[in-house]
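Heads up, the thing below is written out as structure tokens.
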Amino acid sequence: MALRTLSRLHSFLRRRTRGVGVFERIVAYAILWWILTEGDVRSLAFGIPAIAAAALINPFAPGGPRAWRLARGGPFFAVFAWLSVRSAVDVAARVIRPARPIDPAVVDYPWRLQSGSARQFMANLINLMPGTLTIDPGEQLLVLHVLGGKERALSGIRRLEERVAGLFGEEIPAHE
Amino acid sequence: MTALAWVGASLVALGVPFFLLGTLGLLRFPDVFTRLHALAKADNVGLGLVCFGLGLHSGSLAHALKLALIWLLMVIASAVGAGLVARAAIARGVKPWGV
Amino acid sequence: MMAWAITAFDALLVALLLWLAWQAIHADGLFRAVISFMVFGLLMAVAWVRLDAPDVALAEAAIGAGVTGALLLSALGRLPERDKEAPADRRARGLAAVGLAALALGGATALATIAWALPAPGLGREVTEALPKSGVDNPVTAVLLNIRAFDTLLEIGVLLLAVIATWALGPMQWSAPARVMSPALPVLGRLLFPMFVLVSAYVLWRGGHAPGGAFPAGALMGAGGVLVFFAGAKPWITGAELDPWRWLLSLGLVAMLVAAVGVGATGRSFFEYPVDLAGLFILALEVAAALSIAILLFALCLGGRPPHRWGSEDEA
Amino acid sequence: MNELFIAIVLVLLGNITVGLWRVMRGPTAADRMLAAETFSTSTVAIVLILATVTGRGALVDVALVFALLAALAVVTFVSRAWPDIGEETARGGGGPKP
């Protein structure tokens, strides 16, 4: 009984540590732990097992190949912050005007991004961008609910997709 | 009272209108999709300004990073949550207004 | 200005809490009632913050706003359609409302009388005096796991009984992980699982010297398990008879019983830890209790005995 | 400074009070749910500001717990509760398939 449990644990851990990023994950979680405890080293008796557990027993398979290009993270975040503020101001302007010019539409957008993690990242990011909301991140088409007209939303989505592609180091075909 | 603390406090105050406008959208917009637009956008910027402002106000890096972590978690929750609710609403046959 | 604004805040908070509590038991439609209850939990945590009780606020945040919301919502999903939105019989509800109001009024009066009769500073001084001998710096943890450890023993026992009762009622309705309704869910689960592990461990660590401890940490980890399960992960716990997880379910209760009775071997009374080892005892009990509480709450949210083997609907 | 913060906290609680109208009104379960979600954002802001005003670091942990749990209600809602609540569509039967 105990032996079987042990061997199950062994194969489980082997599955988890295979593939990329165990080391990176551990570093990332150690940084998070430092932030949580505000740098208290006495916490490591709890911290080390927790970091190991977080990195090794995640029931979901680790993501695909090296996802992010860290060097592009900074500029991307700046763009993200700017667009978030703009989208909040945009939606606020629609709320506040008595005429309530929301002009909603449902739009199908064919993906140019290839990898699943880049698509997921974008599908969720869209919800924070000006006038766009993901309804269904499908296999072929991304179905969106947009405010303020289709064309405006589509050009925004195209630019966003190019930025996400850059972040994930993906080549996507140019828009004709 | 340092200048940094004043800047921080003003950022916190600047966040409040976004919360109010988000709620106004919640009340005024005609269907669940448009309301999701209002909330996912306005509330996160509001909370972002509050967290950033309080971080500056505290003047401690570790504390500011913890606030940034809280904001990030809320952003993830509301971005993913908005998509989930929108998809569930479509699946239940809720028709978008004005389309 | 300040005193006025604080008073207004507190008054509004109390009014909201009363209104939400009323809605939670009296709203048309169960869904509205459940949402009211969840918002109530959220604001109750703010009320504990205002009462300067961060320990309770933390527990309320983890349990009230987290696990109970998930429990009620998934219970709602199991009810047959007609029970969910149909308002109950008007007259019966009116009668119940009058009865409840009378009861609440009587209870409040009784409580107020008792509160005035209690010794004014409470037991704070006694706890502070005993704190150096308790093994921890946080008075709340000292009370929960040393001074009044007996209460905690019973509380964990109640949780275990609840799970046993739930399992006894029959197998759970879903023999496979939740039908994943969006590709965003597994991504969210993968992202949040490590956060739940880290923050629970952090809250547990904090319990030794500041607000935190086994109950909020366990509740948080249990909530994380529920989220990851609904995001499509296959749970580790099964209903098989020799499942090692059964030991983890009872670990908290067993550890507390061993600590309580084991000290008797050296001629001490129930739960009387040796003073120089008290810190170690409390640490071990906290970890055991937190793990157990997490798994107990997760098992409760499954809503029945899990299957002997989990299907693999998640790959579909 | 604290006066400003307390005024802000009061405004945010007022904001929640107004938003409750959507919880009561609906019309769909999703509307009520997303109203509740916004309350958790406002509550996090309230608790964080109170943490600054009182200088109690532990309150930041309360906000952290809220932030971590914010996704739980929505996930439970879409995967368990709403697929079987008949508000819009008059599907008969109901109840999860075994």
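Per-chain residue numbering starts at 1, and chain names A, B, C and D are given in the order in which the chains are listed.
Everything that follows uses one rule, which is that a contact is a pair of C-beta atoms (placed from the backbone, for glycine too) under 8 Å apart; a residue touches a chain by one contact, two chains touch by 3 or more.
Source: prediction; values computed, not measured.
In how few steps can one go from subunit A to subunit D if every step must land on a touching chain?
Graph distance in the chain contact network comes out at 2.
Tell me which of A-C and B-D has more C-beta pairs in contact.
Between the two chain pairs, B-D has more contacting C-beta pairs.
If you average the CA atoms of subunit A and of subunit C, how many Å lie between those two points?
Centre separation, subunit A to subunit C: 31 Å.
Can you check how far apart subunit B and subunit D are, centre to centre, with Cα atoms defining each centre and the answer in Å?
12
Using mean CA coordinates as chain centres, what's the gap between subunit A and subunit B in Å?
Once rounded, the distance between the two centres reads 17 Å.
In whole angstrom, how far does the Cα centroid of subunit B sit from the Cα centroid of subunit C?
27
Would you pick out the residues of subunit B that each touch at least 2 other chains?
Within subunit B, the residues that touch at least two other chains are 36, 44, 46, 63, 66, 69, 73, 76, 78, 80, 82-84, 87-88, 91.
For subunit A, what residues touch not just one other chain but two or more?
32, 36, 123-124, 137
Could you list which residues of subunit D touch at least two other chains?
33, 35, 40, 57, 64, 68, 71, 75, 77-78, 82-83
Which two-chain combinations touch?
In this structure, the chains touch in these pairs: A-B, A-C, B-C, B-D, C-D.
So in the complex, the part of subunit A that touches subunit B is made up of which residues?
32, 34-36, 38-39, 81, 84-85, 87-88, 90-92, 94-96, 100, 102-106, 123-125, 127-128, 130-131, 133-137, 145, 147
Hey, which residues of subunit D end up touching subunit C in the complex?
On the subunit D side, the touching residues are 2-3, 6-7, 9-10, 13-14, 16-17, 20, 23-24, 26, 29, 32-33, 35-36, 39-40, 43, 46-47, 50, 54, 56-59, 61-62, 64-66, 68-69, 71-73, 75-87, 91-96, 98.
Residue numbers of subunit C touching subunit B in their complex, please.
Result: residues 181-182, 184-185, 187-188, 191-192, 195 of subunit C touch subunit B.
Can you name the residues of subunit B that touch subunit D in the complex?
Contact set of subunit B toward subunit D: 1, 5-6, 9, 12-13, 15-16, 19-20, 22-23, 26-27, 32, 35-36, 39, 43-44, 46-47, 50-51, 54, 57-58, 63, 66-67, 69-71, 73-74, 76-78, 80-82, 84-85, 87-89, 91-94.
For the complex, give me every residue of subunit A touching subunit C.
Residues 1, 5, 25, 29, 32-33, 36-37, 43, 45-47, 49-51, 53-55, 58-63, 116-117, 120, 123-124, 137 of subunit A touch subunit C in their complex.
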